[in-house]
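Submitted below is the structure of interest, expressed as structure tokens.
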Amino acid sequence: MEIILILGIPLLGGLLLAVFGGHRWAPELNVVMSLGTFVASAWLTARIIANGPITAYNEQFFIDPFNVFLVTLTAFVALTTALFSSPYMHNEAAHGKLSAGRLRLYHSMYQLFTFTMLLALTTNNMGILWVAMEAATLTTVMLVSLYRTPASLEAAWKYFILCGVGIAQALFGTILLYFAAEKVLGAGGTALLWTHLNVVKAQLEPTVLSLAFVFLLVGYGTKVGLAPLHNWLPDAHAEGPTPISAVLSGLLLNVALYAVVRSKVLVDGALGTHFAGNLLMGFGLLSLVLAAFFLSRQKDIKRLFAYSSIEHMGIITFAFGMGGSVATFAALLHMTMHSLTKSAIFFAVGHAAQKSGTQMMENIRGLIKTNPTIGWGLALGSLAILGMPPFGVFASEFMIITTAMHEHAWATPFILVALGVAFAAIFSKVQTMVFGETELPRLPHPPALVPVFVHLALVLMLGLYIPPYLADWYRQAAAMIG
Amino acid sequence: MTTPNLPIDIALGVIIYWLLLAVAGLLLQNSRAISQWIFPAGAAGALVLAVSALSSLGGAINVAVLPLGLPDLPFHLRLDSLSAFFLLLLGAASIGISLYSAGYFRHMEGGSLGLLCFEYHIFLAAMALVFLADDAYLFMVAWESMALSSYFLVTTDHNIPETRRAGFLYLLIAHVGAVAILMSFGVMQGGHGDYTFSTMRNAHLTEFWASVTFLLALFGFGAKAGILPLHVWLPEAHPAAPSPVSAMMSGIMLKTAIYGILRVSFDLLGMPLWWWGVLALSLGLATALYGVLFAAVQTDMKRLLAYSSIENIGIILVGIGLGLVFHALNKDALAALALTATLYHALNHSFMKGLLFLGTGSVLHATGERDMGKLGGLIHSMPKLALLVLVGALALAGLPPLNGFMSEWLLLQAFLLSPDLPLPYLNMLVPIAAAALVLAAALAGYVMVKFYGVIFLGQPRMEKTAKAHDIGAWELLGMGWLALGCLLLGLFPVFVIFNLDHVTLMLVGKTLGSTAAQTGWLLLTPIQPERASYSPLVLLVIIVIGVLFTLFVVKKFYHGRLRRGPAWDCGFPAQTARMQDTAEGFGQPIRQIFEQVLGVIREVPSPYDKKPHYHGETRDLFWDLIYLPIAWVAERISALIGKLQQGRIPIYLLYSFVTLIALLAFVR
Amino acid sequence: MNGILLQLFQDTLVVLVAPILLGWVNQCRAWLQNRSGAGVLQPYRVLIKLFHKDAVLANNASPLFRSTPYILFSSMWLAAALVPVIATDLPLSPAVDVIALVGIFAVARAFISLAAMDIGTSFGSLGARREMLVGFLAEPALLMVFFTASVISHSTSLVTIVETLAHKQFMLYPSLAFAAVAFVMVLLAENARVPVDNPSTHLELTMIHEAMILEYSARHLALIEWAGAIKLLAYITIGIALFVPWGIAEAGDWGALPLALVALFLKLMAAGAGLALLETLSAKLRIFRVPEFLGTAFLLAVLAMLVHYLLGV
Amino acid sequence: MAFSQQLINLFAALLLLIAFAMLSQRRILSLINLFALQGLMLSVSTAIVAWSSHQHHLYYSAALTLIVKVVALPWLLHRLIRKLDLKWDVETIINIPSTMLVGLALVVFAFNLALPISQLAGTITRSTLGIALASVLLSFLMMITRRQAVPQVIGFLAMENGLFFAATSATYGMPLVVELGIALDVLVGSFIFGIFFFHIRDTFDSLDIKNMENLKEN
């Protein structure tokens, strides 16, 4: 029932907003629909806390510890982003950047994107997972080019082509997976159901599955933004409207990684080796290092944080690759922390860029002076994402680095260098934006900074205290992922 | 002591109290109440902490677990003698600094005083937590909170670009260091996945991994302490920060790094290897000499003190290195001596350097000038301040009977009593190390004479210097406390050493106190009375008696006639304040002797210049040797990597394609 | 009780003898330079003259400036009182070992330098700067000399060092030879003698000690001069104690005391003459050669200690 | 070998041939026609598989393919290029003979890769899996070597064809709900492509992707 609501509300919202999306109160309607989704997901979560994992509707949907927190997180970030998007879009409209038609498109697609994310998370069917991932690309690609500037078109086109091609590889991987599963489970509906696959994973043909994993990894990995498949990511993040950057970074990357990890579980079961883990570690480390060095070349604030997302996806992928209860736990925690923190940063960045009228960092100055809340939000958010305790990002980095130091000591010099370079790059830039003098005017609509600080407060809280049921989910999921 | 857990409860209580004060500061924004009530209240908390820490030295080990932190790793806290000593240091020094702040920060009312008060108390609480932490996670959280809060304190005046640059450099080096510390914890947990210190104590590491841990920890903590070549942030950040913050950073925060090194190398790692000690010793000597040389040529008074802090950290590290060598070679009595000297010096340094930084704060506040070359003659306009700073300067110069001399004396004793180590090369090292150490100590005297003489003595070089107002009551109270500490720590070493015994007993299993006091509390005898003894109190009393006696005799037998007149100066007619030595002039001999080391850049005007302009500058060689090359390499790499992203879709597709094919080929 | 008596005796002795020693050195120098000289009591005459004069103080002299002569005098007195010159049974000596002794010299140096800067004249700060320059090299050199003796006798207590060296089987210590050379160099520098400084001129290019005390007059100057003489005595007696300690009276041995006194006077005379000879034979160094000179002393002292570790003696 | 299997192999070979032809084709119109032809081959072969293996849902697949890929998409593309008034010739980045050589190597690679899997397959179509993989990779190569938006999209759609063929040949097709979803995605995707063509043309006055190389790092 909850699942119907979780999926139905955003779908309904998408349809409603496709009609009313251009109205003055459309941003508020968007918030209401997102709130509904969030309430439904909270209800679902409450039930999972009470009853444990469930499957529903002929096993087409299932909720286990691995995806329950992602569902909540997705619904939550979707809600806060909608909250942020409301004044942001009012400001954009006030600046004359968007027409009513574009706003309609934006709001409708926003809800549909939420729908695809939640569908990808809740479905039990690896095929539907693929469909949802592809649909996520389709819903957001028009949003990236919302401003219709040459750069935004270019970014959207790259996003479309690269992710399209990538996701096609994932389809091939899914076919191979089905091919292997069909031998064991027989043809038909159940052979792509993850719960069934998970039961018989040890009997799946190893050669096929290793090939399938390569395709799935390249496919979904493109969406995760793993180097060297990441090239669409900074463009799409930088050129789209900021709420979209926030959800791309905060949600889409997570969900794509979720798909990779689901596949990894099956492959590990079939192969019984560390093959998938090694691949993930390699990609993770490469993304981490490359992104860190890209960071220092950035001039555009949103591009900067887009690369930071690649860096963090690298860390998470590396952690999943290492495996083991601690590292996987840390990876799951880091997914949560990253999406909360990064979306908070994008909220602050969005307002900062609106205020300065540019995304070029050299023209953004003295935020703390005129809008202390934006300035502090950006400063604290950046420090949090850079792994400064007591923020929660550090908690997961703590576990990842200490585990890596013990189990894969060869990788730690790379991590050390990458973290150092990333810190230098991001912090030097943020500092000049936050501090100093400025004469910038205030915004016509007061910025929505509640989402920023709610996110940061959550991140801070999780750095100091992790609720027991959340820890339980992480633990169970880690045990399942291995 | 009523309940066994009382001391740690008190310490935790003080931490929470400070956190509450921090929040209160934030809520009160910029009202008067902050300087009138909150800072003194913070000092009261510090007093409670110091007293409880003092009483718990040598008491039972207290542990506590807070239901916070990671799910499998709640916050573990532990109060043992090492923690108690450093808490004592924190409490005792911050009493003075907080009292002083109550007066000093009054000029910030209407600015961002509330925020500053918030950061200040968070900083205090974080440092206290560092000393109490008993698991890697809490330690790191406290450690980085400390770095973060101090970063914001350093950048209080963020509209000055140098301040921003200093803050950035500080936080960057701190962060890289923190990652290194984290990695050393990663090795130490030994794959148990349990990050409590008690697990680390019991983990058995191979020599290789133990050494890796030690090196990582030395790097990480060294970055915070300012050990060569990671010292570059220190002379930037300390001058940039408001003076009480500089005092706190230099006096207390640097000691957290010392605490970390001690904790890791003596407590967590168990048995050290002797070459760790040699490494620490060599690094310490290099740091001490480098720091004091640069201090001698500075013109900015706070930079000078910052470099002097580098020197003192070097000296402390020398003590740690010596302790490690002795401990590794099973000479624990000697190790106890070296460690006593180390801890003693750490305590002394926090008093002396705190006092001096506060002094510069008052000078800065009264004159608005940090360049020593523009000050001068303040002893006339600010006599109270001048007296207090004189105590600090003499102490820092390592002159008896003050406290700086006391700890250096102990350290030299440790050197001199060290022969007959089983390794011949090590025996050779001892005289050289001792020579370098005394050279550094002697140069410190040079530095302090320059510091005090140029700022306080002579004629005022500026109008406003002559009219500067002396310090107020809060400042007097705060600095007076620290000056008193300098004096008492110097005069009653036996009592101090008795308290330090608990720490050395915990670290190396031996104590010094009972031997030190074998001939009574008046005379300090580290090993035997025949071998070495020292009594600062007797020394002071004799000198005072000597002075009084001479004065009495002179007054008694001769007339006391005195005339005032203009200075004679060999009969030179025109005397202006500009003819005195500036800071640059005073440092000139050092600059000339050590020209190669100091990286001197000098612009000398030509004889025909109408408006001759002289400019001299000393550059930190490590910028050119290490930091700029690293920055250059990083930039080159990122330029190269930047070429990967050409913006062309076919190329991007090719990346995906090649990745796919390569992986497929790999799977085959 | 005996000890206290002996201590008081030595205290009085050093204060009274010091000007005479200075006079003796100057007299020897005059003879060596083919002059007739003013006699060994000349320093006393100067002191008496100065004490009777009216003091003139610069307008902006601070209390620090006025108290420095007393501090200087009393710390030099303490230093000289601590060195076992005639007997090793001194009750004060446990309070101050060799390191603290160097510390006392450093206190005196710091105060006189600060006082020199107090008036704010060009010469004063110049002198202070040069004095500290000399100090920062001479002080470690002196310490290293002491350390060499300390590691031989396993003690930093001056009394123990002297006892060990005086009553041990006669042995040649190559390390002590190095140390002795270094010590003489330090002595020259610390007491403002040629080749480092020239006590008899006021030449702004070269003067060190004199530049610092230019602003002092009358009783203040007298105290400083006297302190300088005591310092010279202290240094020479330290040299005697370290390198030629034979003949010193042991604890409680009152019978040996007269003999020890005679020995001391002979040694002092010889040392004074030697000092005068050295001063006559060497030329004043340029101020920037001084660090090299003292650096050599420092290196020699370090070498002395190294030699001890190398040879085991 | 059964007759149906021979037929399927024949169509598979034709599919590969068309993929090669597309790789070498410069003209957009011909590309579209080839794409339609490839769709037709796919549809027919699916139908044959359905007939010979009695998998009824494959008939739906075949019909879906016929409607979407043979009729709808080529029609859409034709309309588009007429509306957009495109140039006939498409430049390639690498010259065609070398592209063909690389393509050949890819085919060998794909066959080798598919060999162990094919042996596991229980379907009558198993030998065609290598061909499916090869045509996917060839389409990929085509996308890499084309400089214009429309041929890139055709390459993308051709890749989808290859994937579809793989699904049919390896497993008799995916479950119906998945297949419907895929078809929907393809359809919506093509629709969005179409919109994009107009936007790109409006903004850059051409569909040449060399205008879209401004977001970069060097």
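By letter and in written order, the chains are A, B, C and D; residue numbering begins at 1 in each of them.
Definition applied: a contact is a pair of C-beta atoms (placed from the backbone, for glycine too) under 8 Å apart; a residue touches a chain by one contact, two chains touch by 3 or more.
The structure displayed is predicted, hence computed values, not measured ones.
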| item | value |
| --- | --- |
| Most extensive contact between chains (C-beta pair count) | B-C |
| Chain centre separation (chain A, chain D; CA means) in Å | 31 |
| Geometric centre distance via CA averages, chain C-chain B, whole Å | 35 |
| Centre distance in Å when chain B and chain D are each reduced to the mean of their C-alpha atoms | 69 |
| Cα-centroid distance, chain A relative to chain C, in whole angstrom | 78 |
| Overlap residues in chain A, where contacts from two or more other chains coincide | 157-158, 161, 165, 211, 294, 297 |
| Contacts with 2+ other chains: residues of chain B | 639, 641-642, 644-645, 649, 653, 660, 664 |
| Chain pairs that touch, as defined at the top of this document | A-B, A-D, B-C, B-D |
| Chain C - residues contacting chain B, complex | 51-52, 54-60, 62, 64, 67, 70-71, 73-75, 77-78, 92, 94-97, 99-100, 103-104, 106-107, 109-110, 113-114, 117-126, 128-130, 132-133, 135-137, 139-140, 143-144, 147, 150-151, 154-157, 160, 202, 204, 214-215, 219, 223, 288, 291, 298, 301-302, 305-306, 308-310 |
| Of all residues in chain A, those that touch chain B in their complex | 157-158, 161-162, 165-166, 169, 210-211, 214-215, 217-218, 222, 228-229, 231-232, 279, 290, 293-297, 325-326, 366, 368, 383, 386-390, 394-395, 398-399, 401-407, 409, 412, 415-416, 419-421, 423-424, 427-428, 431-432, 435-437, 463-466, 468, 471, 474-475 |
| Chain A-touching residues of chain B, taken from the complex the two chains share | 67-72, 136-137, 140-145, 147-148, 155, 158-159, 161, 164, 167-168, 171-172, 175-176, 179-180, 182-183, 185-187, 189-191, 193, 195, 634-635, 637-639, 641-642, 644-645, 649, 652-653, 655-656, 659-660, 663-664, 667 |
| Complex contact set, residues of chain B against chain C | 376-377, 379-380, 386, 390, 394, 397-400, 405, 409, 412-413, 416-417, 419, 427-428, 430-432, 434-435, 438-439, 441-443, 445-446, 448-450, 452-454, 457-459, 519, 523, 525, 529-535, 538-539, 542-543, 545-547, 549-551, 554, 557-559, 561-570, 572, 575, 577, 579-581, 585-586, 588-590, 592-593 |
| Touch list for chain B against partner chain D, complex | 639, 641-650, 653-654, 657, 660-661, 664-665, 668 |
